[in-house]
Amino acid sequence: MKSVIWSRYKRELAAAVAYLALLVAVGAVAPSFYSAANLRDLLVNNAPVLIVATGMTMVIIVREIDISVGSQFAVCSVVAGLLAKAGAPIPLLIPALIAVGAAMGALNGWLIGRLRIPSIIATLAMYVAWRDALRWATQGAWVQGLPDDFQWFGLGQSRGQWLIVAAAIALLVFFAWALRNLRAGRALYAVGSQREAARLLGLNPSALVFGVFTLMGALVGLAALLNAVRFATVPSNAGTGLELKAIASVVVGGTAISGGRGTLIGTLIGTALLGTTGTALTFAGINPFWEKAMQGAIILVALISEVALGRLTHEPR
Amino acid sequence: MPIKTEGSWRARLFPNNEWALVLVIAVECAIFGATGRNFLTAANGFEVARLGVELGLIAFALTPIIITGGIDLSVGSMMALAAVVLGGLWRDGHWPLPAAVLAALGVGLAGGGLNALLIARFRFPPLIVTLGTFSLFRGIAEGLTRGIENYSGFDPRFLFWGQGYVGGLIPTQLFVLVSVFLFYAHLVHRTAFGRSLRAIGFSAEGARYAGIRVARQLACLYVLSGFVSALAAIIYVAHLGQAKSDAGTGYELMAITSVVIGGTSIFGGHGTIWGTALGLFAIVILQNGLRLSGQPAELAGVLTGALLIATILIDRVVRRPKAPQVAQMNAEENTEVRNSQIAVLSIVILLAALIVAGSNWFLINSLRRELRSATGERATAGPAAHRTVIAMMPKAKGDPYFISCKQGADEAARELGVELLWDGPTELDPAKQNEVVEAWITRGVDAIAVSVENRVGISTVLRKARERGIKVLTWDADAERDARDFFVNQATPQGIGYTLTDEAARILGGRGEFAIITASLSAANQNEWIKYIKERLAQKYPDLKLVAIQPSEGDRDRAFAETQTVLKVYPNVRLIMAIAAPAVPGAAEAVKQAGRRDVKVIGLSLPSMCRTYIHEGIIESIVLWNTRDLGYLTVYAAQAAATGRLKRGDRQLEAGRLGRVEVADDEVRLGAPFIFNRENIDRFDF
Amino acid sequence: MKPLLQVRAIDKSYAGVQALRDAHLELFAGEVHALVGENGAGKSTLIKIITGAVEPDGGEIWLNGQRVAEISPRRAKELGIAAIYQQPALFPELSVAENIALGLESGGLLARVNWRARRQQAAALLARVGARILPDREAGALTMAEQQLVEIARAIGARSRILIMDEPTAALSEEETRHLFRVIGELRDAGVAVIYISHRLEELSAIADRVTVLRDGRTIGTYRMEELDRQQLIRLMVGRELSAVFPWRARKLGEPVLELCDFGSSTAGIENINLTVHAGEIVGLAGLVGAGRTELARAIFGLVPADRGELRLRGVPVRIGDPTQAIACGIAYLPEDRQRHGVIPEMAISANITLASLDALASPWGMDFRRERAIAAHYVQRLGIKTPSIYAPVQTLSGGNQQKVALGRWLATEPQVIILDEPTQGVDVGTKAEIHRLMIELAAQGAAILMISSEMPELLGMSDRIAVMREGTIVAQLAREEATQERVLALALGQ
């Protein structure tokens, strides 16, 4: 039983071990890293990324990819700001933004699931199109002069912070549970693992792919809103580089890019690992110049650990 | 039955319907020829080609990789790494330049080798491997240069490779592009190696059964791609005259876009090098044409996205999916394919029509506007012949700072009745600035005013503009002195650096710790300011201690997180100096949320972004000038220079509502930087 | 009693090759119905049509006296049809329990998964088929036999009215097989109709009530199992007398070209192969699917590492690490799976023909396209490939012509040893004869030919000698004169 768990989750465990090593090293050099305030700030800052990575995990499990999330994120942020400024009731923003995100995700899902355009192309196109369309529409202007109850949904800072963290954790837990315990979740694994075999068992791969991208969009919409309410203004360039950050977090967390395998626990570890490296470096007094190199190295090491752990069941894509 | 041993020329030349792109390019040329000024000239043709060189090199290297069903995301980062190795070895290592160039190419080979090892030998998915090296290579480049180093001052003979003209007309690097194009065209289409790549792309397993060494072929390609990226980096350095760790940012996605639009299938197998070239030029011409027609450049992104989807849909309609049972066709289905080709043709035409319609909509709007203003002008000023055209460029269009400058510029343009072209990169991108200036030279304008991102790189182009009789001004940030007629000076880097330091010393009472939140670690302006801040500290404030410089990447949220960390790691910090417009509100929000009333924020930003924080007492003060006035004055100065009213040696300039403005030699002075604080902030509405 | 399932006049063709023509099947509740036929007789296609995995070109399916208009995998599941296909269709990343459950559970996508129930169900089903497999193991890590047992467990668990099993015992041990039969017996007694496909004829007499024989895509007839003895059954499957004329003629054999001494490969599961092929000789390799014939060919060609024994070419021991070396040594291998391995369907005929001899076309100035054209035109003409142009993609050709292209590719390498794996499978009669003529011609020119074939007349008609494989090794070699259909089949079946 023990060995079953070990063999099934070794990628996640490898990431967790790496993360622990990082934590211990930082703890030795800069114990103040473990102050409650720092941990809370890390949680709040990485919560939106975690939400996006949650969706990305599901996208990658079905053997697709979404590189348009950063641009969608920016569009959703601005929409959130504009709605609030136009006087929309603040609680209404939540369903509204989920809907906006889901609509953009559904467009991806339609192109990929229905028209069978390879996801990397469809979302590349959307990545360029949404980003430039937003620039065109806003001309780079920030959304300012938002109502006072926009920030933290009017709940105040500490409650607002916990709301964001709680939302991210709740979503993670829910989807982790759903991936494990709902038929839909298991269907994603099946489709990502063997699309044709899944079809023979009576599943509908196209519909599932459509659903996953729609869900991805909805999560991006929510993440954008939760990120936006941490501030009193909305910039028009939010979410640059978010797509790569999310994909890297998912992959470092042990999800196979060839589909069918991966867990949200892994994604949580991956997000934590990549999300705290920068801060940890600062705490350790290391120059921030090397941060990007570190992140690249982490991705490659995560890959190579797969060989070290003797797990190579898939042909490269 | 006679068997044809000659393929039809269409099938041979355009196996993937690349002719559709010829059509698209033709439509683009027709539209822009009609709407853009000087679009259809030989000089512009060469300029367009020059703009595509670095991107083209990378796209050519990516084409065979994508033909094998792989991908390489690390190409742009490899450019950065090769560029800084070149610059570093040459300047700091005192290597002779040719040796440094060879070393840079060697780095390209090594980086490509790393990809090759992981992909071909260990059979990891290329997407993930190159995503890792994408971060790794740029990270190493940033680490090596500490983000700050900007290697410039290269030998003119070297710069000739990126800036010179052969025979006075043909840009030098075009020869490199053509050579690499010919090399790849030969490799992919005329060699046994190229044939084997296709086989691998269609079916790696099938290729193995035919005795093809799949791993070795793939390894060659990835190594080659690293090498060509390094070559692109060398051209890039010669083109801009500088080597920095931000070289080639975002090139990978643009290159992939060109390749896919060019008919190469992401599934592998199909694709031609000339398809990639056509795809590349379809995009570059679109950007150039929109610019020359005075259309918003953002339209290019939207249209590119549409083109991408359309291309792949064509692919989908013409070709069947790879599933074996569908891959077989009988004679009956053959005619069906021909029918679908007709369908494809109509789709392409429809798409082209859409682009036309889209552009026309803007064209009509702008024409209408032009007509209206022209008639309006005639009514007031009579049939005064020529309307002055002033082209003005910010460092980045999206930056709120420049947006507020634009408001002043628009105001002045209205008052003076001149036509104002406002265009520039969407994000900080020195290469793009050159591109825009080139387009303006081609278009023909009366005056160009540039806020310079890369001093060395842009000066060559600006000199060229002056040779063509265009008045050249710089504003906000200067170019080399002989490259422009006037500099509209709002504040010198020294003035900014000193003022900020003095302000910090005043607030801290001359002693204590502070930290800087900068833009990106490689941002040129910020690094210059930091230089003067350090200088001032050394001169005057020995008890003030600068403990950390953290990057914000021009991202408010990142500045927020970095400030949070700084406050915790350096608990004695009493002041945060944020020197990028979006970083100031980010830092202020962090201080506010941390509840640290003992920490003050100062910096360089817009009053409108900081107003609430200033009122709350979190931001003590921001240093800036009146950005709206800066834009306003620049247009006035440009108009005066273009009409000859402003000459070197003039002492003052009449500038509308600003009254008489001081002119010192070749500098038009807006006045010293201004300190906004709680007392005066509400008097400014920008 | 009314039949539960009626399959009427089903037609299906792949790539212009008729897999089924006018196939019939009648199935009653509570019977085990065997479906037999030679390799390629259309058994697998027929059951795929019943389960909705493949759409028929024509014909009708009636269930319980009602016509089923359109049948998809999902619909089949609802109708109570479950199947084990020949290729395992497990999800390698998922656990055994899940693999079993995914096929069984119904309900909406938002329904909850009960892991404990899944595990219990899996454990119960696995116990029922007599498999000792932990439900939590990852399916990708199972052996072939274990995977097969999991599939059997999944199919049995479906509680379907119709259970289809395609070669369920191919990888099973005797003990496991016996256990399976007991389960099938129980299901039959519970009123389930079982369609059972197997090459192991002795199994059929043990469990089948009735048997339907397919030959060349047609239903030959349905018989009560006790009506037939094994010999009669074999005759029905083989069908024709050896009336077809093969162009075989006696040739003088030359030196030994390919010699295998105790040759084997642990990855491919073959061992102790001793075989010699002489110049000018055609050696037929007989055996059932899964007996290791293709694996032997792959090991010789360097596609899987050969780690045991020795391979000698013209007396010289050689080690072959990959196909490139094999080709350099003058070995050619025409693989069984034409679409995936034999040709690259999207590429032009000319490119396919020269793909294995590209090095010969390389010059410092790139490829010699003129020579390529000449070579391609030569083989198109010599093999009589029917195409308007040598640049037509291979996928536009019929199956027979595709096979000729695949052959042309190997002839262009001018090989000494030619391994042909099912060279005439899915090929029309005319082309078949042409390929046979070509084989004789090549042999007469001194090539050593090793032919794998599941078609008995072809084996008997074309081979100078027949080696019979079973369970990964050669069990017998028969001279042309001593080989009969019955004898070869009996050896292959292990009688």
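Per-chain numbering from 1; labels A, B and C assigned in written order.
Everything that follows uses one rule, which is that a residue touches a chain if its C-beta (ideal position, glycine included) is under 8 Å from a C-beta of that chain, and two chains touch if they have at least 3 such contacts.
None of these values were measured; they are calculated from a predicted model.
Of the two chain pairs examined here, A-B and A-C, it is A-B that is joined by more C-beta pairs in contact. At the centre of the protein atoms shown, by the Cα-centroid criterion, sits A.
Work out the mean CA point of chain B and of chain C, and you get 57 Å between them.
Chain centres here are Cα means. That of chain A falls 27 Å from that of chain B. Taking each chain's centre as the mean of its C-alpha atoms, chain A lies 45 Å from chain C. Chain contact summary for the complex, chain A toward chain B: residues 30, 32, 35, 37-38, 41, 45, 65, 111, 115-118, 120-122, 124-129, 131-133, 135-136, 139-142, 144, 157, 227, 230-233, 235-238, 240, 244, 247-248, 251, 257-258, 278-279, 282-283, 285, 287-297, 299-300, 303-304, 306-307, 312, 315-317. Contact residues of chain C toward chain A in the complex are 51, 53, 72-74, 76-77, 85, 89-95, 98, 101-103, 105, 107-113, 115, 134, 136-138, 140-141. Contacts from chain B toward chain C in the complex involve residues 1, 3-7, 11-12, 186, 190-196, 198-199, 202-203, 205-213, 269-270, 322, 324-325, 327-330, 334.
Residues 14-16, 54, 303, 322-324, 326-327, 333, 335, 339-348, 351, 354-356, 358-359, 361-362, 366-367, 369, 373, 376-377, 380-381, 386-391, 395-396, 398-399, 409 of chain C are the ones that touch chain B when the two sit in their complex.
In the complex of the two chains, the chain B residues touching chain A come out as 69, 71, 118-119, 122-129, 131-140, 142-143, 145-147, 253, 256-257, 260, 266-267, 296, 298-302, 304-306, 308-309, 312-313, 316, 321, 396-400, 402-403, 426-427, 521, 548, 550-551, 553-557, 560-562, 564-566, 568-569, 582, 585, 589, 593-594, 608-609, 612.
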